[in-house]
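All chains are identified by letter, namely A, B, C and D, in their written order; residue positions are counted from 1 within each chain.
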Amino acid sequence: MATMRANVFHGAGRFGIEEVQKPTPGAGEALLRVTLTTICGTDLHITSGEYAVRPGLVIGHEAVGSVEALGEGVRHVEIGQRVLVGAVTPCGQCRACLSGHPSQCGREAGYLALGGWRFGNTIDGAQAEYLLVPHAAANLAPIPDSVTDEQALMLADITSTGFSGAESANIRVGDAVVVFAQGPIGLCATAGARLRGAGLVIGVDPDPHRRAMAKRFGADVVLDPAVGDVAAEVRRLTDGGADVAIEALGTQRTFEGSLRSLRPAGTLSSLGVYSGKLDIPYDAFGAGVADYRLVTTLCPGGKERMRRLLEMVRNGHFDPAPLVTHRFRLDDIGAAYRLFGGRADGVMKVAITP
Amino acid sequence: MATMRANVFHGAGRFGIEEVQKPTPGAGEALLRVTLTTICGTDLHITSGEYAVRPGLVIGHEAVGSVEALGEGVRHVEIGQRVLVGAVTPCGQCRACLSGHPSQCGREAGYLALGGWRFGNTIDGAQAEYLLVPHAAANLAPIPDSVTDEQALMLADITSTGFSGAESANIRVGDAVVVFAQGPIGLCATAGARLRGAGLVIGVDPDPHRRAMAKRFGADVVLDPAVGDVAAEVRRLTDGGADVAIEALGTQRTFEGSLRSLRPAGTLSSLGVYSGKLDIPYDAFGAGVADYRLVTTLCPGGKERMRRLLEMVRNGHFDPAPLVTHRFRLDDIGAAYRLFGGRADGVMKVAITP
Amino acid sequence: MATMRANVFHGAGRFGIEEVQKPTPGAGEALLRVTLTTICGTDLHITSGEYAVRPGLVIGHEAVGSVEALGEGVRHVEIGQRVLVGAVTPCGQCRACLSGHPSQCGREAGYLALGGWRFGNTIDGAQAEYLLVPHAAANLAPIPDSVTDEQALMLADITSTGFSGAESANIRVGDAVVVFAQGPIGLCATAGARLRGAGLVIGVDPDPHRRAMAKRFGADVVLDPAVGDVAAEVRRLTDGGADVAIEALGTQRTFEGSLRSLRPAGTLSSLGVYSGKLDIPYDAFGAGVADYRLVTTLCPGGKERMRRLLEMVRNGHFDPAPLVTHRFRLDDIGAAYRLFGGRADGVMKVAITP
Amino acid sequence: MATMRANVFHGAGRFGIEEVQKPTPGAGEALLRVTLTTICGTDLHITSGEYAVRPGLVIGHEAVGSVEALGEGVRHVEIGQRVLVGAVTPCGQCRACLSGHPSQCGREAGYLALGGWRFGNTIDGAQAEYLLVPHAAANLAPIPDSVTDEQALMLADITSTGFSGAESANIRVGDAVVVFAQGPIGLCATAGARLRGAGLVIGVDPDPHRRAMAKRFGADVVLDPAVGDVAAEVRRLTDGGADVAIEALGTQRTFEGSLRSLRPAGTLSSLGVYSGKLDIPYDAFGAGVADYRLVTTLCPGGKERMRRLLEMVRNGHFDPAPLVTHRFRLDDIGAAYRLFGGRADGVMKVAITP
């Protein structure tokens, strides 16, 4: 029986590289030889036990690789082809997918939220030598030669999620947009706001290094939330409030700051993963009748989304390369988790090579 | 000096009919002789002191009337013409109006939420013999002969708001929609959901009379929230959750019930006026990444909105007449407030004749 | 070798029932035993040789049936289940499908227009005892018990297409809508306009029987294009032009009438299949800068679309039953074609039983 | 009686600078002292007699100026303030404006197309020392100090129109967009496509200088329509067709090229002013059922639109300055028309100082 090395979760704080069975693709599936993977903030929630997955699961949901084997019925891709697979892998054929909500792909009826996020959540994930891809016909995007593995890797979740914060908000040309938190996703949201034609983009983060990165990713102005009332400053800079606020962290503080930064009829586009109760203060909410919109978005996936993001990189319209600050071998993934989890050494994202 | 009788607010619990100065229209304004007005739930918030307005204000924001006098520069309407004016009176020319958010009409910069709601809020209102209409060029809608005063009166706020709950939710043909609370606005939201092509409309209300009205206004199924877990029942009836939930009351319970009734990627369209903090439970919210949308809407106003609603009534596509259950003279408005505030005698809406 | 009876096309004017091989479902496919099928206007274009398909093809694209056999990997449906399959059968997994254009489903690159319309076009169709359904996971919709076969049959193409004329036009509550031609698709467009909240629906057709049907399907006013200038009459009835015109025939005359009926910034939603050049007269087009929109729509398919339409029928919000005016056995399909092609005896649609 | 110098139209080929009465602002109007104006392609249609306006009219519709006098009721702007006024001047209060179609602003009923374009069309225009601005409350946009007169001037029509070609097309991140014709409006459409997040922008123009400018304004690839089949080349570069084609000239050839460049379900966004009949070839149109959309847009105006465009320039996200290639005094406007009309000396746009 063939085996492979993979990062297996066994319980809160217990995970690491071990030998597991190398999978074989069934009908409609593909097997990738992973050439590059990474760690996401969500993986930290999993390894800490905050977000529950089953023990024994291989974790990780971002991967670049080459096609190792194809199950029956998978066409339009070749063995050996270099491909990107999104963090979310919609089937394209269920009720959610056919209703235009592929990220919520799931069972025919009574499906659960987040159904389209499978890797390292409901099926084995990407921090491994090989990755079994479900619904392969809908989820393998060839990578153009001029796009590097590191660039492509950043598109699977970080860029797709960050951009979606701007896309879901329906930004119009000339809008004022504020982005709360400038981690990897917030930086991509900042870039995404610019890509949609924002007139003014304000980046908010307490970390001076991240504020500097924000300017590099397209922020016109950066603000430190530790200094003064950020929402009031946003309202001052925008003559009454931002048209759009993007929340990219997942805390009550950034959520409320986003809400208080808006002008009437503004849109709060939320990307954060929240825990506990979220409060909407009555006064900040215009008592519920100020025409505010609150939209939330799970990372868009599927090969067509990936193709579009790859096209942005290929033509030089967006470069996620600066997000990769550190590199590790798969066997050293413990060190990578410690660095990334501790936000040490100015880390943004790590690249991990099996 | 000419005077008129009007319902003047003086402080929490202190209001009543008195003689006040009859207004004169300035440039861009019109004076209506009010032929029918009514009381809104918001007026109860005002008279109880819960929602603050300045003492001395004439309250009420719904009116049908005839044009008594026109200020300079108001064209396209004639003296004596029977017109409807919306509860919200946008100017059409400020930043909010020109950005597509006329309900949030207001000062050029730094405008306040709810800016377009002026009558009985920031200027004298409709519970009076005469009503001064600002921005008259944008706010007077002629009433077709075949539409009665009582029908037209119900459009100014109740119908416009209720329908907007369905419109803002972007209902698609065949959607499952649940409407929490079947008061006047909830009933119009129910009708609005049908008018947008919903496939299944579920009406929720503890009052059996209102549930019966809900069926008359288009609900396919009605549920009593006092019996069992309404959200679970909605999820059962819809194989996993409603596509759209409309909240038409303004309480934590109905808000949370709406949220828990949704399928992933569903839309919560909120019409209620909330007070205090509103909680979004983490689990009901898919941790923030279930592609839920939460939209809030203030009553759309302006003469074109009113024209469209009048057209629906004129052609028999919607009849709000059953909402008017009781009738009073303006001098008896105290009794009308007591009946309406106490929800006595199956009251839905009252019609008040100056 | 098992055989079945089917309507095979051999060339312009040459087609008829014959014994052909009964198909066997491969991976991802399903075999239906057809219980009811029908003839579409497009089938007349095919049998006349106007629209080219390959000789030997079984024609027809509308079917109700029961599941006879399932290929590998098809779940969520059971043998014997009564199902509806749409005229267009998207795969859900190609670039067009994943871009939100499932009707244009097709090859990965360079795909042809109308790619999602397969039955009786690029693969064997529905006028047969059995029908092989591709991409079965995305295309089989269970029929609720309370919906009849004849009702369901009308949804596969006629209703889905007709409704889409209203849906693609983004009708708003209170819009004035004119529908040119009141054949089966035009009648469904008329009903669709009402289902989206139109304030005034005008139906246009030279046939008095069809004008009477139009009123039954929701038209407020009907016009005879043989009497006077229809577009001028529409502009008169709507104080300057319809907000939306739906073209449901496919001729220069109805296209141009639609265009001339619009008010500035109006939308022409075109459903017709055109041949030859289509002229857009300069004056009717506002010289190209009147903010007109022209949208075209191919019948939306897929099981979720069918589920939504079935839900409309199940809850009594739409009843297509009156469209079925004549019934035939499959062996008598020649007579059915003659009746339907000749528009004899007030025929709207025929129901054909294998 | 005060007079001013202005460019007056007297008939085909007959126009020039003369002394005319200096206007006085009435209620709701403002008088601008024009500091910079320009000539548009539409002005050439007018002076050639191709587009009819009344003799005696002052022509031109683009102006930067300072507020000289204000009529009654105009607030939020001060005498002496430097302002931009759009080419289209919506009132904000009529049926078209309140329906979300301000460019088609006009009479209450039966309004004509292009109603919002008034300057140099239905009222005196901008090629003059002074300009009377109607509906001033909705149409005066203060110019930030850091934006030059020449930059602002390019926004009134050219940039607003060009950008709108991209905006109306609903470009999505990663879309392939082709822009036919790279004159001033086409260049702004090219820039607009990039500002909306296009993944690949292809610029088409026979003039090598304009192709070079196209690259400067954001085109990834430029094509010469004189060499080979441009539409075929676009389909090749995009693996089957562009998602969006923007037509920015107004000829059958560019219109048809745009249509033939599209993939199924693509959008043709047309900005050109057409004359004569426009043909839609049956085959290029997918017989009318390929889910193509054809949208047309008249220059969006109003002070909020101008504010948004000024914000793009102020923050360095777009610079229209390179469009101004030649400068003239108002008294030399004849020479300016000859140069601009003859497309001599690489002229893109001229700046004319009164």
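Keep this in mind: contacts are C-beta pairs under 8 Å (C-beta built on N, C-alpha and C of every residue); 3 or more make two chains touch, one makes a residue touch a chain.
Since the structure is predicted, the reported quantities are computational estimates derived from the model, not experimental observations.
Of the two chain pairs examined here, A-C and A-B, the one linked by more C-beta pairs in contact is A-B. The distance from the centre of chain A to the centre of chain B, with each centre set as the mean of the Cα atoms, comes to 40 Å.
Of all residues in chain C, those touching 2 or more other chains are 99, 307, listed in ascending order.
Because contacts link each chain to all the remaining chains, their graph is best described as complete. For chain B in complex with chain A, the residues that touch the partner chain are 96, 99, 101, 103-104, 106, 109-115, 235, 239-240, 243, 250, 263-265, 270-282, 285-299. Chain B makes touch with chain C in their complex at residues 163, 167, 172-176, 192, 194-200, 220, 307-309, 311-312, 314-315, 317. Those residues of chain A whose C-beta lies close enough to touch chain C in the complex are 27-28, 72-73, 76, 90-95, 97-100, 102, 108, 135, 137-138, 302-305, 307.
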